[in-house]
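Structures given as structure tokens follow.
Two complexes, one shared chain (chain A), two partners (chain B, chain C).
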Partner chain A sequence: MTLFFQQLVNGIALGSVYALVALGLTLVYGVLKVPNFAHGALYTAGAYVAYVVLTGLGYPYVVAVVAAMAVVALLGAAMEWVVFRPLEGKSPVHAMIAALGVLFFLEGAADVIWGPDFRQVPTPLDGVVSVAGVNITEQRVLVVIAAIATMSGLYWLLKRTLVGMSIEAMAQDREGALLVGIDTRRVALITFAISGVLAAVAGSLIAPLVLVFPTMGAVIVLKAFVIVILGGMGSVPGAIVGGYLLALAETMAGTYVAFAFSELIAFALLVLVLVVKPTGLFAKGV
Partner chain B sequence: MRSSVILRAPRLPAVAFLVGFSVWFVGCGEGGSASGADGVEVVPVGYIGPLSGGAAYYGRNVLRGIQMAADEIAEAGGFEVDGRRVRFEIVTADDRYLPYETATAARRLLQQRRPSVIFVPHAGGIRAVQEMNLNEPQFLLAAYSSEPSVLEAGNPLTVMLPPRFDGYQEPFVDAMMERFGPRLGLLPTTTAYGRAWTEHVTAEWRRQGGTVGGDHGVDYNTTTDFTGAVSRALADRPDVLFVGGPSQPTALVIRAAREQGFTGGFLVMDQAKFEEMLAIVPMAALEGSIGVYPQADYPTEGAPYFTERYYARFGADFQPPTSEVAITYQAVHLFAQAMQLAGTTTDPEAIRAAVGEAARVIPDELRIFEMSGVTGQGHLARAVWAAHILDGVFVPVEIPLPSGTVIQ
Partner chain C sequence: MSGSLASRLVPTALFVVAIVFPLAVDNPYLVSVVVTAYVTAIAVYGLDVLLGYTGQLSLAHAGFFGIGGYTVGVLTADHGFSFWTALPVALALTVALAHLIGLAALRTRHDYFAIFTLAVGVMIVIVIDRWAEVTGGTDGLIGIPPPPAIGPLRFDTLTTQYYLALAFLLLTIYVVWALVHSLVGRTFLAVRNSEDLARAVGIDAGRTHQLSFVISAALAGLGGSLYAVFLGYIGPAMGNVQMTFMMLVYLMIGGVASLAGPLVGTLLVMGLMQALQAFNEYQMMVLGPILVVVIIFFPHGLAGQGRRLAERLTVGRAGDAAAR
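Up next is the complex of A and B:
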């Protein structure tokens, strides 16, 4: 039973990161209908910014996380402005190819700047919390708390502010939003910036637990796509529930079946959802 | 008028491409060796391996050793072959660790520069170009892989450089079972190489009378968080945990195991290197582990000279030299020696025939490893040392050659 609770805790920590990455992806998809493959590179960028601010410039961890959020928000906005805005009104295939191009460009840039080496981000929280035989590192506790705080902040933004409501309006009906006077270009820019913030929070929070290297975002963005499809393309609650669901499914399947199959289970889950409810668990009726 | 604009637009790039292509095409004819500006003949040596993507770090380590040796030779004014001064130029191709890319890149490299020696640092890529190296134009395949299957092909123009991985299990299991106990947990990477290692270590552990828990291996390259797999493996209460994959993720697995209270020892696959893991975990976390001996302090007479030259070239703060660097560095000097003995830089068969002798006569300052020749199957034979970490010190453990090995 200890093992079960241990894995529950492990799964929730991992799910927090999955959910944060998937949220940024689903927001952008909702507003622009672009599957932004380059989102993984934003997550990587967040980790690298945290690395530079912490290790290179010597500022405390909190500053590193905030700096990562600011820099990657700008990067996300720049991506929309430079790459996706000129493709407005063109076939979605163009945007998809452009997104892949941006992904390879940013991975290549990281490789040129930092090399292919694995970097490590030190954390001030290197202790272990132990309750009734269940262990969790302090950094993971921080990941869970910060993820929940960020998600609450996002919820507040979407439901209680004008900007957030514009985003939701645009996700529901782009032309309608335009008709009621919403500046859709500005909203698209802001959405990309927010997705950058979410990716940066995930990247900088998990950086001390993993290794930072140019292609670190490639795997997680694939998982994020599974989550977004699982939860419903463009659905915010879907991304959150999907993130935790996938992480717990992986961890539990690994524990009670075999870890070699945990990846397989993620995709089996995807196929199952697509068969039973092709629009995803939380898709809004269209 | 719009259509004419569309038609005109691609013209300039097209012309540039044609010019570029013809320059390249004319350049193709040369092949083989050419004389450099300094009057020293330049002989191309190939490297086909990962230079981008997930395995780029590994590939560049391998290349660093090759390049370092070639640079040393060039700085010394080259070496003499049949009355001519010769130096190496390293020509590279990126295969992103994909065997089919290795074969394509080999064809291109042979067409353009016709190197007589090509280094390939992964078993899949090596197998993809074995056979190809026997047809015209032939080349000597410098195989950087510890997979014995590289030898099983019986390819007469292959030299396998690192120690075979199937030599490690018996001494490793013996030492670990005696120190920690009879229960082994499995948490290796799930690549083809990882699986082959797992099979060997499982069989050997059982043969020596121990019990083996379930296989909780995960793909080290695609796993974000190892805690789940570690929790599961530790639930079997193992005395020894078998881990390994690339060094850095291996260190994360070890860190996660210590965080969850594991006090036993780690039996570490030869792919992971202690000196690289020490950048991520402290020595105390590795206490009791057994694995490949750190290259910088390798227990041979020649190793310190190499380490000194390495840090002199790259700076004292540079990452420590791993065996990838040292073995390929050694190999380049070895092939230079073999070319000297064979009196040719272009005949792969003659060079291959001289490698055994070269291993015995190479000057002491270039002899990092105690080499005794080449086995009948084409494996570079040498004394191999592993390290057991006891009280924070690397204690050498000798890895014997397979019984019945014939050295030529």
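Up next is the complex of A and C:
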């Protein structure tokens, strides 16, 4: 039973990261209607900024996380402004190919700057919390708390602020949003910045628990796509629920079935969803 | 019409250049680069069939390139097959797998299709990578023998391999040309331009997409098979998403939905990359922005620019004639 609770906690920590990455992807899909294949690179960028600020500049961890959020928000906004805005109104295939161009540019840039080797980010919180025989590293506790705080902040933003409501309006109906006077370009820019912040929180929080390398975002973004398709493209609650569910399924399968099996779950789910209901299990009707 | 004269002269001239190239150029390295470009271009034609003519972006394209290459590699290097028996097996396997994957993937279109094929592409590489006892894993496969002779035709020298690659390339171009100009090709375009409209005139859109996907994968498999046999060694990287990205770069720069585009783009970009090997490290960093610029400003690539130039010239001349 202890093992079960141990894995439950690990799954929740991993799920927090999945949910954050999937949220950014789903928000951008909502306003742009294009899957941003470069999203994983934003997550990677968050991890590298945290690495530089922590080990290169020697600032405290909080500063590293905040710096990652700021830098990656700018990176996300720049992506919208330079790449996706000029492609507005063109075939979505063009935007998808452009997103791949951005992805390989950012991965290539990380490779040129830091090289292909794995980097380790020192854990600022190396303690362990023990609750009823379950040992949780403080970093994992931090991941969960920070992720929940970020998601609460996002919820507040979407439901209580004009910017957030504009994002939701645009996701529901782009022309309608334009008609009621919403500056859709500005909203798209802000949405990309927010998706950058979410990816940066995920990347900088997970960095001390994993290895940092140029293509570290490739697998997680694929899982985020599965989560978003499962939860419905553009759905915020779907991304959160899907993120935790996938992570729990992976950790539990890794513990009780076979470790090699765990990373195939996402793909199996994707095939299943597409065969059963291609538009996503919980997708809203149009 | 001077346009049609030019459109006959240019391919003929290029054909002559292609024939004399390995005899005139005394640089085996350059010839081998062109051979690699030819066989890669075959796969790029496959990508063009799907993206250019039915409008779907498959990110598993290099996966099929890898399946073709590995089937030939494993059969010839480890199981004593001749290339000429391994090639049909590789093509049959690619087509069968593409058909199965297509049945699931083509329940979706556009963005969902791209995401699904991305997952398929990653899975193919994972299988190649992990199934080490057969594929050699991350080390790859070495010692793939060259194609054995057919009667008096021997393929053990670079020059003869060059002509074999050229023959397969010309066959591919002919097949794509015939496809595009057939009724099937028209249904491809109809489905690309408006699936609803195509259905309304009685086209089975599902079957059209499926056919396009399978043909596209078959050309990728053919390109991959030849790539393996001419290089003599392969690694899992030949099937990964980065390879698909490279093929997209070749296709978009050359020009999508054009007969010359895939070959022009592949030769040009691969040639430039070989010339600028010192900058190899920066390859992805440079190609990413180039792809973005091409998509934004020249979505029809070099072939599209060429066509526009030709049109401007003909229109200009027709205008002169009218003025007289």
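Here is the rule we go by: the second predicted complex is superposed on the first by the 275 of 286 C-alpha atoms of A that agree within 3 Å, B and C clash if a C-alpha of one lies under 4 Å from a C-alpha of the other, contacts with A are read in each partner's own complex, and residues count from 1 in each chain.
As a working rule, a contact is a pair of C-beta atoms (placed from the backbone, for glycine too) under 8 Å apart; a residue touches a chain by one contact, two chains touch by 3 or more.
Predicted, not measured: the structure shown is a model, and the values here were computed from it.
Clashing of chain B with chain C is the outcome of superposition onto chain A.
Legend: residue contacts after superposition of the two complexes on their common chain; A:Q172 is shown touching neither chain B nor chain C.
By the document's definition of touching, neither partner reaches A:T184: not chain B, not chain C. Shared-chain residue A:V271: touches chain C; no touch with chain B. Judged by the touch definition given at the top, the superposed model places A:D111 against both chain B and chain C. In the superposed model, A:T55 lies in contact with neither chain B nor chain C. By the touch criterion defined above, A:I229 reaches chain C but does not reach chain B. Applying the stated contact rule after C-alpha superposition, one finds that A:P86 touches chain C and leaves chain B untouched.
When the shared chain is aligned, no partner comes close enough to touch A:T123: not chain B, not chain C.
Among the candidate segments 40-48, 94-102 or 274-282, the part of chain B whose C-alpha atoms clash with chain C in the superposed model is 94-102. On chain A, the surface patch touched by chain B in one complex and by chain C in the other comprises residues 108, 111, 219, 260. Every residue of chain B that touches chain A in the complex is listed here, in rising order: 52-54, 56-57, 60, 190, 214-219, 222, 224-225, 227-229, 231-232, 235, 248-249, 252, 259-261, 279-280, 319. For chain A in complex with chain C, the residues that touch the partner chain are 33-35, 37, 82-83, 86-87, 90-94, 96-98, 100-109, 111-112, 218-219, 222, 225-226, 229, 233, 260, 266-267, 270-271, 274-275, 278-279.
Taken in their complex, chain C has these residues touching chain A: 51, 55, 57, 59, 104-105, 107-108, 110-112, 114-116, 118-119, 122-123, 130, 241-242, 245, 248, 252, 281-292, 295-296, 299. Within the complex formed with chain B, the residues of chain A that make contact are 3, 6-7, 10-11, 13-14, 17, 108, 111, 115-118, 120, 128, 135, 137, 140, 206, 209-211, 213-215, 219-220, 223, 250-251, 254-255, 258-260, 262-263.
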